[in-house]
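There are two complexes below, and they share chain A, which is joined by chain B in the first and by chain C in the second.
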Partner chain A sequence: MIQQIKEKAKELLDSGAVSCVIGYERASDGLTARPLFVYEAEDIDRLIFDETCTHNLVKYLLNRKDEPTAIVVKPCDARALNVLLGEKQLRRENVFIIGVTCPGVVKTGWNKKGDELEARCQVCTQHTPPIYDFLVGEPIEEPSPPITFSDVTDLEGKSAAERASFWAEQFERCIRCYACRDVCPGCYCTECQVEQLDPEWVSIRFTPEENLMWHVMRAFHLAGRCIGCNECERVCPVNIPLSLLNRKLEQEVSALFDFQAGLADDARAPLATFKKDEKLGIGEWHE
Partner chain B sequence: MARIIAKKDLASWLQELLKGHTIIAPTSVGEFTMFRPITSPEEIAFDFDNTALSPKEWFFPKAESLITQDNGDKEPMPQVIDKLVIFGIRPCDAKGLTVLDKALHGTPFDALYSQRRDRAILIGVACSKPGPQCFCTTMGSAPDDASNVDIMLTEVDDGYIVETVTKKGQELMANVPLSESESPPPQVAPPAVIEGTTEAMTESMAERYWSRLADRCLHCHICAFVCPTCYCTQTRDYDSQGTVEQLRCWYSCQAQGFTCIAGNTLNPTKADRMRHRFYHKLPYFTDQLGSGYATCVGCGRCVTACPVNIDIREVIADTKQRNPLYRSN
Partner chain C sequence: MAIDYQPKVVGFLCNWCSYAGADIAGISRITYPPNIRIIRVPCSARVNALFIVKCFQQGADGVLVAGCHPGDCHYSEGNYHARRRFALLRELLDFLGIEKERFWLEWVSASEGKRFSRLVSAFTDELSRMGPRNT
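Let's look at the complex of A and B:
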């Protein structure tokens, strides 16, 4: 698998088709992976691909909009790429997509490699990228499990007071490092709302209330756009279960609009479009 | 000859201290170890390599009001905990506070930080098992370095070897039963020293080195917020229903909008900001204050917390190994 990636990377760099290949290399712990930008052929041998390659590299393309770039994507990452293409944030002709079939990645941290698959991979229904120029790996024929939201429904089974205290406890830890935003391919505003001064939507004060405001706002901006790569949750230094918020909105969007983000490169997020026949959710559509 | 406090005596002494002091100690919070106020010595966690965040936040809070004024009535300055004991601080973090003092407790002088520092007593616990991310020895400290605490405890089988370093420490332990012991302190394998010379960084370091390293940076604030010596803040004024408040919060030099409040961005690219960070952590302070005052203390938190594995130890090593990207020529 990695040999195919390396050969393709060499071919693309040597021919000048791209000026950079974004992939993975071994991290400084000697165990897990980290992103790698390959500009010169001599660095190609640093490329790896294995079950620790959890990062979604698509975010980096936003820094290279005008440069022809090749990128290694897993199926979930490819969906993020579709979202960005659909939102006209990238030029298709500037991106060469090396898609890899993916049986799932494991939970990792620095110098930590779990045995179990990431939670998102355990419920993943897509093992082949929905978009690619070059496919690496054998197609995975494993039957896709139905989409479930048991994590969301478990939490929803609790009373409002229990849920409020659950989230208050989570958000109390938030240090507002904004890593959740900075890693998210869907977060590309040149000026984020949290940095706007007039009006100031979110105070710089680190309180559970302001932290809640930030996280709810972030999740809502990704409604119908989040592809569930869970990078926000992975990078969180204080382990706030942000995927629960994203998954709740994914569930709502799925029920209201029968829509899953990132399956096609020309799909538009339901909240960015209006169709007369769509359900509104609150009450019913009235003529 | 070492003086030893038995483990049960330590617990009862801390219990006694709790009557007149606020004790902040490492406690288990979910899967993390964090410095939190304790109500009983039983809450203290001992089995960890280091806490998720440094105890810096107890001297330099994430957010604090500098001024509040309510309809013309002046509020007192924010409360400073009077008798504060930080228990279980690691040598690296204690050194971090000494470094922070250079920035906030001298000239310039930060009143709130200084008051907290003056009123606090640091009880260090030596590391018995440095983690794989630790490199305190590279930054001039050691797992049993007692030079920046008031009292140092080193675990032995039946208790802790007590070293009262300062007068404050001696006074605090004046009436504590200690036994004498012949047994030597345990030998702890210190983290390996990373070969590199941070002085060399002051020579021109290639632009391309930083831009390549910054390629994968997400410009989030994690490294600055977990760092025991980062002290950048942003300040905003709030005016709501007759209450005026000036609020100061942690901020990171890696943020895109850093220094924008002054009307301009000094370091517009990720590479500029990253170079600034590593220069600030390595040569800037040593140039001004002499070796021993590098703002990096080798705690390794940024190494483990960085979501994309930007590793300061590799930067130090690169200065020595003359990474091909290192020099511009």
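Let's look at the complex of A and C:
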């Protein structure tokens, strides 16, 4: 599998079709993976692909919009790519997509490699990238487990007061490092609303209320665009369960608008479009 | 809960329909609860989702967004966008512990002074029944 990636990377770099291949290499702990940018053919042998390659590399393409670039993507990463292509953030002709079939990645940390699959991979129903120029790996038979959101449902089952205190507890920890934003392929605004001073949407005070503003902002701007790569939760230094918010919205977007983000490169985000006659359970008050 | 609990309600009313509807209610001397603080906006779609969060963050007990009936938007389709946005936001707020009953999106035309009055009464009644937000 990795041989196929290397051969393709060599071919692309040698022919000058791309000036960089973005992939993975072994991190310095010798156990996990880290992103690798291959500019020279001599670095190609550093490329790896295995169950520790958890990062979504698509974010890096935003720095290379005008440079022809090849990128190694898992199915979930490919969906992020679709979102960016749909939003005209990338030019299709500048991206060469090396799609990898993916049985799931494992939980990793510094110097730590778990045996268990990442939570998102346990319920994954897409093991082949929805978009690629070159496919690596054997096709994996798609199981069709129902998309389960058991932790979302658990929280929904609690009372509003319990939910409020649950989130207050979570958001209290937030140090607003914005790692969740910086890692997210869907967050590409040059000036983020959270850092605007006029109007000042979010104060620099660290209070659960201000943090709530930030987290609603982040989650809602990704509503119908989040592809669930879960990078935000992985990089959170204080372990806020951000995927709960993302998956809640994913669930509602699917229920209300029958939409899943990133399956096609020309889909419009559900909040950028509408149907005249839809019933959404709002605005239906009668005297 | 104190007997004299009065919910604070923020109302975002679209300039072309609902604000005029509230105006008609006033001109026709139809009473409606004074709990609502009205903010005039150009369109229901002008209302950013974060306005709503900000209202709750600053102590509102309920937020009402009112716009032209679907199909009647002054800007043709603003209220359709608002409908999608707030249908989703309502679920997110509920998930975060702000009950969805505290956030309404409704349609009031420029001639519906009576409907506006009844809508605000119904909303305020609901909020009074629910009591203050546990923050």
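Observations
Basically, the second predicted complex is superposed on the first by the 277 of 287 C-alpha atoms of A that agree within 3 Å, B and C clash if a C-alpha of one lies under 4 Å from a C-alpha of the other, contacts with A are read in each partner's own complex, and residues count from 1 in each chain.
Just so it is clear, a contact is a pair of C-beta atoms (placed from the backbone, for glycine too) under 8 Å apart; a residue touches a chain by one contact, two chains touch by 3 or more.
Keep in mind the model is a prediction, meaning the values are calculated, not measured.
Once chain A is used to superpose the two complexes, chain B occupies space next to chain C without a clash. In the superposition on chain A, A:E156 makes contact with chain C only, while chain B stays out of contact range. When the shared chain is aligned, chain C comes close enough to touch A:M217, but chain B does not.
Contacts of A:L256 after superposition on the shared chain: chain C is touched, whereas chain B is not. Of the two partner chains placed by superposition, only chain B is touched by A:F37; chain C is not. In the superposition on chain A, A:L245 contacts chain C only, with no contact to chain B.
When the two structures are aligned on the shared chain, A:F166 is found in touch with chain C, with no touch to chain B.
Applying the stated contact rule after C-alpha superposition, one finds that A:N111 touches chain B and leaves chain C untouched. Of the two partner chains placed by the overlay, only chain B lies in contact with A:D29; chain C stays clear of it.
Minimum C-alpha separation, chain B to chain C, in the superposed model: 12 Å. On chain A, the surface touched by chain B in one complex and the surface touched by chain C in the other have no residue in common. Across the interface of their complex, chain B is touched by residues 27-29, 32, 34-37, 39, 55, 59-60, 109-111, 173, 175-179, 181-183, 195, 197, 200, 203-207, 231, 234-235, 237-239 of chain A.
Considering their complex, residues 49-50, 53-54, 57, 70-71, 77, 80-81, 83-92, 94-99, 104-107, 115, 118-119, 122, 134-135 of chain C touch chain A.
On chain B, the positions that touch chain A within their shared complex are 29-32, 52-53, 62-63, 132-133, 212, 215-216, 218-222, 225-226, 234, 236, 238, 247, 249-250, 252, 255-257, 303-309, 311, 313-314. Contact residues on chain A toward chain C in their complex (touch as defined above): 152, 155-156, 160-168, 193, 201, 209-210, 212-213, 216-217, 219-220, 223-224, 245, 248-249, 252-253, 256-257, 270-271, 274-276, 278, 280-283, 285, 287.
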